[in-house]
Amino acid sequence: MIKAAIAGGTGYTAGELLRILVNHPEVEISSVISTSSVGEPIWSVHKDLLGESEICFTDSPGDADVVFLCLGHGLSREFMSKTALKEGCKVIDLGNDFRLDEMLDNKRFVYGLCELNKNEIEKADYIANPGCFATAIQLGILPLLSNKVELEDIHITALTGSTGAGKKPSETTHFSYRDSNISIYKLFSHQHLGEINKTFNGLGANPKIHFVPVRGDFARGIFASIYTKTEISQEEALNIYNDFYAESPFVFVSKSEISLKDVVNTNKCLLQVQKIGDILHITSVIDNLIKGASGQAVQNMNLMFGLKEEMGLRLKGSAF
Amino acid sequence: MIKAAIAGGTGYTAGELLRILVNHPEVEISSVISTSSVGEPIWSVHKDLLGESEICFTDSPGDADVVFLCLGHGLSREFMSKTALKEGCKVIDLGNDFRLDEMLDNKRFVYGLCELNKNEIEKADYIANPGCFATAIQLGILPLLSNKVELEDIHITALTGSTGAGKKPSETTHFSYRDSNISIYKLFSHQHLGEINKTFNGLGANPKIHFVPVRGDFARGIFASIYTKTEISQEEALNIYNDFYAESPFVFVSKSEISLKDVVNTNKCLLQVQKIGDILHITSVIDNLIKGASGQAVQNMNLMFGLKEEMGLRLKGSAF
Amino acid sequence: MIKAAIAGGTGYTAGELLRILVNHPEVEISSVISTSSVGEPIWSVHKDLLGESEICFTDSPGDADVVFLCLGHGLSREFMSKTALKEGCKVIDLGNDFRLDEMLDNKRFVYGLCELNKNEIEKADYIANPGCFATAIQLGILPLLSNKVELEDIHITALTGSTGAGKKPSETTHFSYRDSNISIYKLFSHQHLGEINKTFNGLGANPKIHFVPVRGDFARGIFASIYTKTEISQEEALNIYNDFYAESPFVFVSKSEISLKDVVNTNKCLLQVQKIGDILHITSVIDNLIKGASGQAVQNMNLMFGLKEEMGLRLKGSAF
Amino acid sequence: MIKAAIAGGTGYTAGELLRILVNHPEVEISSVISTSSVGEPIWSVHKDLLGESEICFTDSPGDADVVFLCLGHGLSREFMSKTALKEGCKVIDLGNDFRLDEMLDNKRFVYGLCELNKNEIEKADYIANPGCFATAIQLGILPLLSNKVELEDIHITALTGSTGAGKKPSETTHFSYRDSNISIYKLFSHQHLGEINKTFNGLGANPKIHFVPVRGDFARGIFASIYTKTEISQEEALNIYNDFYAESPFVFVSKSEISLKDVVNTNKCLLQVQKIGDILHITSVIDNLIKGASGQAVQNMNLMFGLKEEMGLRLKGSAF
C-alpha cells in the first residue's frame, strides 16, 4: 500500500482527494495535515466523510510515500523548505508554485498534464499539477498543436464553478450574489494563461490566446468554449482528436452535444469538435475539482507509482 | 415630500429600501448613512442602482422626517442614544431591538405588523418592524386567533432565502455550501418565536408552536408550511381568512396551489388554506426582504404619514 | 387611458406585459386573448397576479388602441390576416415575424430598438420588437458602428436564461437537466444574427460576427461578452458610449464590474467597456423578458403614444 | 459474473443503475431494454456514459441472472406477465407495483429495505425496492419502533429533488418554474404513506403520520425533518439509533448538523437525532436516486447474490 499524506487537509481539493483516496485500492491515507485541526477526525471538517474514515488531522507527513500539497498558492515552496519528508517521498503540488518555475533547488517539478507528459510523469518524483482552467483549455487545443496545425488567434470563454474560488467565503462566492448570476473576472489576464502558453511554446507554437474567464452560478465544473480559424476540415480535426486521445482513459470526443453535467464528479474530459465555415469550435468540459485538481493528482500518482492510470478514478458521475 | 434617511445604508435591507424609495412618489431620500463609505455614491455599493440615483453616503440623518434603521440586531438602541434626530422625526427599526422590549425611555415602539396593528401604526412615531419569519407565520395564523379559534399545537416548517442571513459572507451562505443544499438551524428555538408568541398572547391565545427553520437554496423568500388540529371546516376557515384580509392590499387567499415565486420581489403575502381530515394546513409565502423587511417598513411609513397604504409598493413581481 | 390588448396571453412575455401594464398609469388592459382559456381569470394561469387584476381571458382584441402580439414565432402574420382590429389600432409584435421582412401588405413594421430608432418609432403604427439576444448585443456594439468605428471580427459569447426558451417544457428546460448545467446551442447560427446584421448593414457596417449562444442555468437574463480589435482608446470608447446613451433612460455605462443580477427584473441595460491591449471588450446585461421583450415593447408603446419613454418602466430590480 | 438486465433503460433510475453497475466488480450488464431505442448505444441517451460502455439498447432481458425493473409505476406487473425470464432469474422492481400487494401469482416480493429485512432479502428472488421518501422516512423512525418506543403523532416535512419526478418534462419540473421555487404537493396524501404504514404496522405500531411533501429546487436528494413527542432522553435515543445501525455500512448517526449535500451521489443515509423539550427530532438525508432507488436496488442485489453488501456502492460523494 502506498502511504499518502495530504498537506492543507481542510480545503476543498484536500476533501476531494480524501473522497477519492478512501476508496483507492492501493492507497492508505497515512496523514492529513492541518495545523488548525490537529487531533480532530477528518469528518469534523469534511462532514460527508462520516462513516468513511476515522483518521484524524495531524501536523506532519510522517513516513508518507507521497505527499499531496493542497496549500494556498505560494505556500508550497514554504512547506517544502520547512518540512522533513521521508527519503524518496514523492510530491504532487496542487497549487501553482511550480507550474512556471519548475525548479526547487535541484528538484524539477514535471508539469502533470497526463495526456501530454505521461512518459515524464511516470519517471518523476515531483509533479506540478495543472490548474483547472488550464486543464480544460489545453485538453481542448493540444491535439491541434501537437499535430502542428498552425493557429493564430484562439478565442476562449470559460465558466468556472464556485468551488474553484476555494473555501474561504468572499463577496463573489456569497450565495446571495452568486446564485443565478454571471460575471467576468481577470479579463484576458487569468494566471492560468502562463502555464497554457508555456505548454504551447514547448510544442513550438505561439498562438495568441484571448481568454474570458467567467464566474458561473454552479458549484462544480469548467465549461470551455474554444474557437479558432483553421483550414483543416471537420473530418481531419476529428481524426486528430480521436488519435491523440486514443489511449487516454479519461478524454473522449463526442459526436453530439455535450453539457457540463456530463462530467461532473468524474475524472473525465469530454470534447466536442465542430467545423463551421472556416472556424473550428471545441467545447471542453471537466470537473474543476477532479480532472482539474484532485482527480488529476491521483492520476499522476498512479503513473508515478506504476499503477494503472485509472485506478481509483472510475467515479460515478452525478449526471444531475 | 417626506425626507427619508436610512441608517446602515450598505446592507441588504437598506438596498431594498433604496430600490423601493427611489420610485416612491412622496419620498425624497435625504440621506443614506454609512460610516464606511461616506462620500461615495450609493451605486458604488448597490451596483444595480447605477442610473437610479446619484445620492452619496453620508454620516448623519440630517433633517429627515423619518429614519429607517437597517443596523445589525442590537445596534438600533445604540444608534438612538448617540444620534440627534430632528424633532418629530419618526423612526422605523428593521432590527429586533424593540420588538420584545418596546420601550426606549418614554418612547414606545409599535409592532409594525400592518395587517394587525393598522390603527396604532397610523398614530405611531416609532415602529418595530417585524421579522421575516415572524411576518410569514403570523399572517398565516392571525385570522384564526383573532377569531378566537382555539389552537393547541401549531406545527411550522419554514424555509428562508440566503439574503435573510445578511450580506456578511459566512460558511452557510457560501455558494459552494448552499447551492442545492438544505439544512435546519435553530431548531425549535428561532428568535422570532419571541415576537410571534407576544402577538398571540396579546390576542389571548397561547398555542404551543413547534417551528423548524430551514435554510433554503434560494436567495429570496420565506415559504412557510403551517398546520394545526381544529374543528372548523374548510369553508369556515376560508371565510375567516377572507374576512380578515378583506381590506388588505397585500394579503390574498388563493384557492389553488401557490409557490414561493408567486410573491418574490413583491410586498404581497399569498396564503393557501386547506382542511384535510381534522388538520387545517396553511401555506404562507412572502419575499423576506420586502414584505418581510423593507417593503413592510415602507408600508408602515405610508400609514404613519397618512399616505395610501400601497403607495410605492405596487412592485412588479419577478415571477421566474 | 390607452386600451391595450395582448394576444397569446398565457405565455411568458404576455405574463410580463401584464405584470408591467397593471401598474402603468396610462394603460387599461382591455383584453387578454387566449383561445385555450377564455373566461378564466388571468391569475388562473399567471398565479402571481392574484390580487392584481380580475380581468379574464377573451378571444378578441375588441376595441383596443394597441395590440401586443405574444404569439409563437411565425404566428403573428397569421393573426394579422385573420383578426379585425379597430381602425388606427397600433401593433407591437414581440415575435420575429416582421424583424427581417418588415412589410405586411402596405404596412411597414419599424424595428423597435428604441435607442436606435426613437424618431421612427414615435411615428410608427407597427413595431417589430427586437429579440432578446439581439437587444443585448446591439446595445453593446451600436455606439461604435454609429460612430463609424471600423470593426472586422466581433466575438460574442452570450448566456440566456431558461425563460428565453418559452413556457412549453422540453428536454433542455427540464430542471434536472438545466440546473447547474451549461451548454451551447445554435453555434454561430442563432436566428438573431439576422436582425443584428440588418441593423449593422443599415449603418453601413458589415463586421463578421462570431456568436456563441449558451444556455445558462438561471431563469432570467442575457449576459453578453463582446470583443473586437480596434485602434480607439479606452477613453475614446467611453466617450462614444456615454454620448450615445446620454439621453437614454435605460442604458448606463458602468465604470466598475457589472453582473447579470444588476439588471434582472428591470428594463435597464448595463454596459462595461474595457480596452485591454488592442482589444475592446464590452459586457452587456439585460433582463431577457423585460428589456429583451415585454419592457422594450412597453417602451415602444410609450414612444408611439407620445408618453414619457420610461412611464411604467421604473421597475424595482430584484438584485438578488 | 452476474448478468444484469435493466428494463426501462432510458429513464433516470436506469441511468443511475448503469452508472453504478459499469464499475461493479461482479456484474456484467447483459442487456438494457428500451423499446424506443433498440440498437443505439446507451450513451446516446445517457450522454455522460460516453467512454464507459459500448453496450446498446435491446428489447429483451436475454439470459440475465437478475432483472431490474425501471418502468413507470404500474408497468412492472405488465412486464412480468409478458416477458420470458430465464429460470431462476431474480427480479428487483424499482416501481411501486409490489410494495403494497406483494404477490404476483405465487411469487412474493420482499420489501427491499435492507436495514430492516436483510435476512429475508438474502433469501429472496423478488424484491420490491422501497420508494425514495419512504426510505428516508423509515430509516429515520425505524429504530424507535423496532425498540417498541411508543409514538402517537409523527410530523414529517420532506423535500425532494426534481429527479424524483422523472425524466418526462412537466410544468413543475420546468426550470423556469422550479428554480429558486418551493411548493407543496400531495399534502398529507403522498402514496409512499402506504408502504411506510405497512412497515410500521408490521412492527406492531400504528402512529399517526402527518407528511408534508415539498418540491425542492435542487436536482438530487431527499431532506426529511421528522419529529414526535416521546419520553425517552437524547442519550437513550442515540443509543437506540447507534445500536440499530451498528452493522449497517450505509447509515450513520451524526453528532453535529447535517445537510443534504453530505449524502448526494452516495448510497448513504445520514441521521441527526436531537431531543428538545419533550420532542425528539430526527433529520434524515439520502440521495433519492441512489439510496432512494438504484443504489438500494444494487444493495439488494448484493444481498440476494451473497456478495458483500456494499460492493460497488462505495461511491464518491459529490459534496458540492
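In order of appearance the chains are A, B, C and D, and numbering begins at 1 in each one.
Just so it is clear, a contact is a pair of C-beta atoms (placed from the backbone, for glycine too) under 8 Å apart; a residue touches a chain by one contact, two chains touch by 3 or more.
None of the values given here were measured: they were computed from a predicted structure.
Of the two chain pairs shown, A-C and A-B, the one joined by more C-beta contacts is A-C.
Among the other chains, the CA centroid farthest from that of subunit C is the one of D.
Chain geometry summary: the mean Cα position of subunit A and that of subunit C are 40 Å apart.
With centres set at the average Cα position, the gap from subunit A to subunit D is 33 Å.
Distance from the subunit A centre to the subunit B centre is 45 Å, each centre being the mean of its Cα atoms. Among all residues of subunit D, those that touch two or more other chains are 12, 161, 163, 176-177, 179-180, 217-220, 257-259, 261, 264, 320. Residues 155, 157, 159, 176-177, 179-185, 187-189, 210, 212, 214, 216-221, 223, 225, 227, 257-261, 264, 274, 276-277, 279, 281, 283, 320 of subunit D are the ones that touch subunit B when the two sit in their complex. Subunit C makes touch with subunit D in their complex at residues 12, 161-163, 165, 167, 169-171, 173-180, 217-219.
The part of subunit C that touches subunit B in the complex is made up of residues 12, 15-16, 19-20, 22-23, 44, 46-48, 50-51, 161, 163, 179-180, 219-220, 250, 252, 254, 256-259, 261-266, 268, 270, 289, 314-320.
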